[in-house]
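Each of the next two complexes has chain A plus one other chain: chain B in the first, chain C in the second.
Up next, the complex of A and B:
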């Protein structure tokens, strides 16, 4: 315990030089935790929103369905198999029928996805209740992004044109029953939602669907031919990848800050070893071995991160907690980012993040502190006492 | 008789390469020191005084010959064994005091005790006793920068004696002190020598120190040219 005690004593005795290093290092602590927390929070927010509104507990896709290839949509539908229909009947799943269609807002052709969903479904948190047909006209639901890009408003009538099961072009007027505000662009941009049964009837696709969304807490997943179950892991893979990319990008910034802090500590250590040779010689004369002096100087450097952790906790905890409560308001136009971001991002600081950051900085600081001290191993006591490095 | 010697050197040689030639810092030095001696190596700069102290203090090793300190052959000691010998048995006093600047007077004096596995209470007792010996108990909380040269050297003396070593090696201890402080320090060291029976070996060319010596060894070009022993302090006699 003597060496750590001496290391701390030396470190505190060094005054301003120590505190400058500590402040820079503490900034690394806070910034890393804040940035990473923001990415974790963003990831969770996006995933939760997509599960809540779009994915539920996973989806069964018709075997021809490929959301990235609109040309396959014409064939990507089929009768819902009985085992899945049973789940639908028990409100444990809801079918969605998807077809390509065109609309002509303000006289200009726009290709859209026409989607049919059961107005009475409760499987996902989607405002399908606005699709209840009341006066013989076909109600349609669009999102705010779609409304913005097409100029459509509630009550507007719009012609929707599609090709039915036989490949025949057909068209109908639909009225905009509601404009929903959702943070999930995947159910908004370029889409018009209409009642499922109406769509089935118009398309000549009775009892058919392109995909079936399962309830979140569903346990039993039937295996059916012609339909593939897509787990949340699969459905959220893109989001996970996006978060990973963002996290890596963000890491560059904090790595830069960490590098600056490490450079300051490395420089301090190198300077210490050159300036404090006489001190080392005196310690050797008093019976300290080179190994103990290396330990002492390495610990001195490493303790920068301990002090930085304490300083970071003093100003960082209130800041991070305040930020976690207040959130980060997204800039105007964030809707166009194409990902399910809310109006505010709320960072999440996990125990793993905090512990991992502390360990990362502690290990890196210790290594950086140790590297220059290796010179001490070659130091002769007599040279050290004369203030000379062998 | 052999065992009664605290330090014994036999044909001690220390050489340094200087360009293509070899410099003899010590050349066949044969000296013995008994417990309680108050001895000094005198001679001009470069005569080998400091080299001798460094080797006896196990900070350096001989090129040839043998040095036995407290029954241990210096040339055979590992780095760790040498450090242990210094820690247990040898105290050093330096010309430039070599106090650790960020520590207080108390912490500086406590420093050599830290490796001796003493309890904090024991350490405190020893440190305060040492500071009382050098009359600096009231400056325990001061930092070296707040001390005069004389006070700093007294702290260095307290640090050297705090573990009650058998040998204290003092390299030009008065070189940075005025006359009054030099005499104060020397009086203190002489008292400690009497009280603790600690062997003091000085390297000096300061007349003030030489007057206090009871044994004066003259070194010239690494060789012992004179080894004079006085019955008592040489202060009133000639040198």
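Up next, the complex of A and C:
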């Protein structure tokens, strides 16, 4: 117990030099936790929004459906098989029919995705209730991004042209029943939603769908030929990858800060060993083994991280808590990023993140503190007492 | 015997009186239209004047056509489009872009894009021009267009894979050339129009030499086609209609 006490006393005795290192290291603590928390929060926010609005508890895709290959979209539809239809009848799933179409906002040709969804569905948190057809006209639902890019407003009529199942052109006027505000661009950008049954009838695709969204927490998933179930793990893989990439990018910044702090600690250690040779000699003369002296000096260095943790907690906890409550307002134009980001990002600090960060800094500081002390292993007590380092 | 002969003569006379001035059948007219313009091989040079919002631009191209299924087009001007080539083989279409030195297969949503910003889509280019095969035709009226008497034919799809559900075409009664065409969606909404502005006699055929194609749903004055030259039954080497010729 004497070594830790001695190490702490020596460290505090060093005064300003110690506190300078501690402050820099504490910045690393706060920055790592803040940045990582921001990325975790961003990932959770995107995933939650996509599950809520788009993915539900997973999706069944028609075997030809590939959202990343528009060339195959023409054939990506088929009759909904009975086991899935049973789920739809029980409100445990909702079908979506997708086709390519063309609109002419302000006389300009624009290729869009026309999507059909049941207005009465409750499977996903999507404002499909606005698609209830009250008169002969076809209601359409668009998102704010689509409204912005096309200049469409509620009540506007627009001609939508498409090719039906037989490849014949059809064109109808639809009216914009509602403009929805959603943070999920995947249900907004470049697409128009209309009632499913109307779309099926116009396309000549009775009882067909391109994909079926399953309700959250659904357990029994039937296996049907011609349709592939895509789990949330699969559907959210892109988000995971995005967060991983962002985290890696962000880590460069705090690794740089950590490197500066470690450089300062390493330098301090080298200087201490150089300046405190007589002290080491005295300790050896009093019976300290080289191992004990190495322990003392390593511990002195490692205690930087403990003090940094305390300092970081003093100013970091209020800051991080305040930030978690207030969130980070996204800049203008964040809507165009193409990912489901809200107007504000709220970081999430998990116990694993805090513990992991503390352990990382503690281990790295200890290693950096230990490296210069290896010279002590070769130290002769007589040389040390004379102030020489062999 | 004499009575039977009198009755037969009366029937023949009555039929002749009743059918006098009656137009020929729509199918017959369509057949004559196809015969007039149809040729095994054609080589043509044409200009496409695209009237856009910010003004007009002219694209010049040379096309080689064999039958109805094969065509090869090379763009000659402007400098930006020069060297762009298009190959149609059956229901497949490829485009070669010299700027990227790449050949792209046009399919899916790309087929709906306009060709060089014109009112013509790649889908329109891929259409089977043999109307007889695809539509039931009926003579609906007679009108005068470009000071030429025309039959107005209403074409309705025979079913199957067809782009336009119905069409209305105005056919010159003497020259058997389509002078105007309206193309409709299944809902009856007018989608595209085609109007001939000038017509010339080339190699004993009546050929439209200036025409305007218009996507009605799009704003603008449409796209004008000016045929500079056309050679019917021309000799076209086999290699022209191969993918390799796109990069040459």
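Keep this in mind: the second predicted complex is superposed on the first by the 390 of 390 C-alpha atoms of A that agree within 3 Å, B and C clash if a C-alpha of one lies under 4 Å from a C-alpha of the other, contacts with A are read in each partner's own complex, and residues count from 1 in each chain.
Basically, contacts are C-beta pairs under 8 Å (C-beta built on N, C-alpha and C of every residue); 3 or more make two chains touch, one makes a residue touch a chain.
Just so you know, these numbers come straight off a predicted model, no measurement behind them.
*Asks:* Putting chain B and chain C onto chain A via the overlay, clash or fit?
*Replies:* Because the two structures are overlaid on the shared chain, the partners are seen to fit without clashing.
*Asks:* Tell me which partner A:225 touches in the superposition: chain B (first), chain C (second), both or neither.
*Replies:* So A:225 meets neither chain B nor chain C here.
*Asks:* Quick one: is A:135 in contact with chain B, with chain C, with both, or with neither? Answer first, second, both or neither.
*Replies:* After superposition on chain A, A:135 lies in contact with neither partner.
*Asks:* Can A:9 be said to touch chain B (first), chain C (second), both, or neither?
*Replies:* first
*Asks:* Between the C-alpha centres of chain B and chain C, what angle is found at the C-alpha centre of chain A, to the nearest 10 degrees?
*Replies:* Between the chain B and chain C centres, as viewed from chain A, the angle is 150 degrees.
*Asks:* Should A:172 be classified as contacting the first partner (chain B), the second (chain C), both, or neither?
*Replies:* second
*Asks:* For A:382, using the defined touch cut-off, is the partner it touches chain B, chain C, both, or neither? Pick first, second, both or neither.
*Replies:* The answer is first: A:382 touches chain B but not chain C.
*Asks:* Considering only the touch criterion stated at the top, classify A:159 as touching first (chain B), second (chain C), both, or neither.
*Replies:* Second partner only.
*Asks:* Rounded to a whole Å, what is the shortest Cα gap between chain B and chain C in the overlaid structures?
*Replies:* 73
*Asks:* Which of the residues in chain A come into contact with chain B in the complex?
*Replies:* It comes out as residues 2, 6, 9-10, 12-14, 278-279, 281-292, 380-382, 385.
*Asks:* Quick one: in the complex, what on chain B touches chain A?
*Replies:* 54, 57, 59-60, 79-80, 83-84, 86-88, 92, 94, 96, 98, 100-103, 107, 111-112, 114-115, 159
*Asks:* Which residues, counting only chain A, touch chain C once they are in their complex?
*Replies:* 70-74, 100, 102, 104, 106-109, 111, 159, 161, 163-164, 166-172
*Asks:* Give the list of chain C residues in touch with chain A in this complex.
*Replies:* 107-110, 112-114, 157, 159-165, 183, 185-187, 189, 191, 215, 217-220
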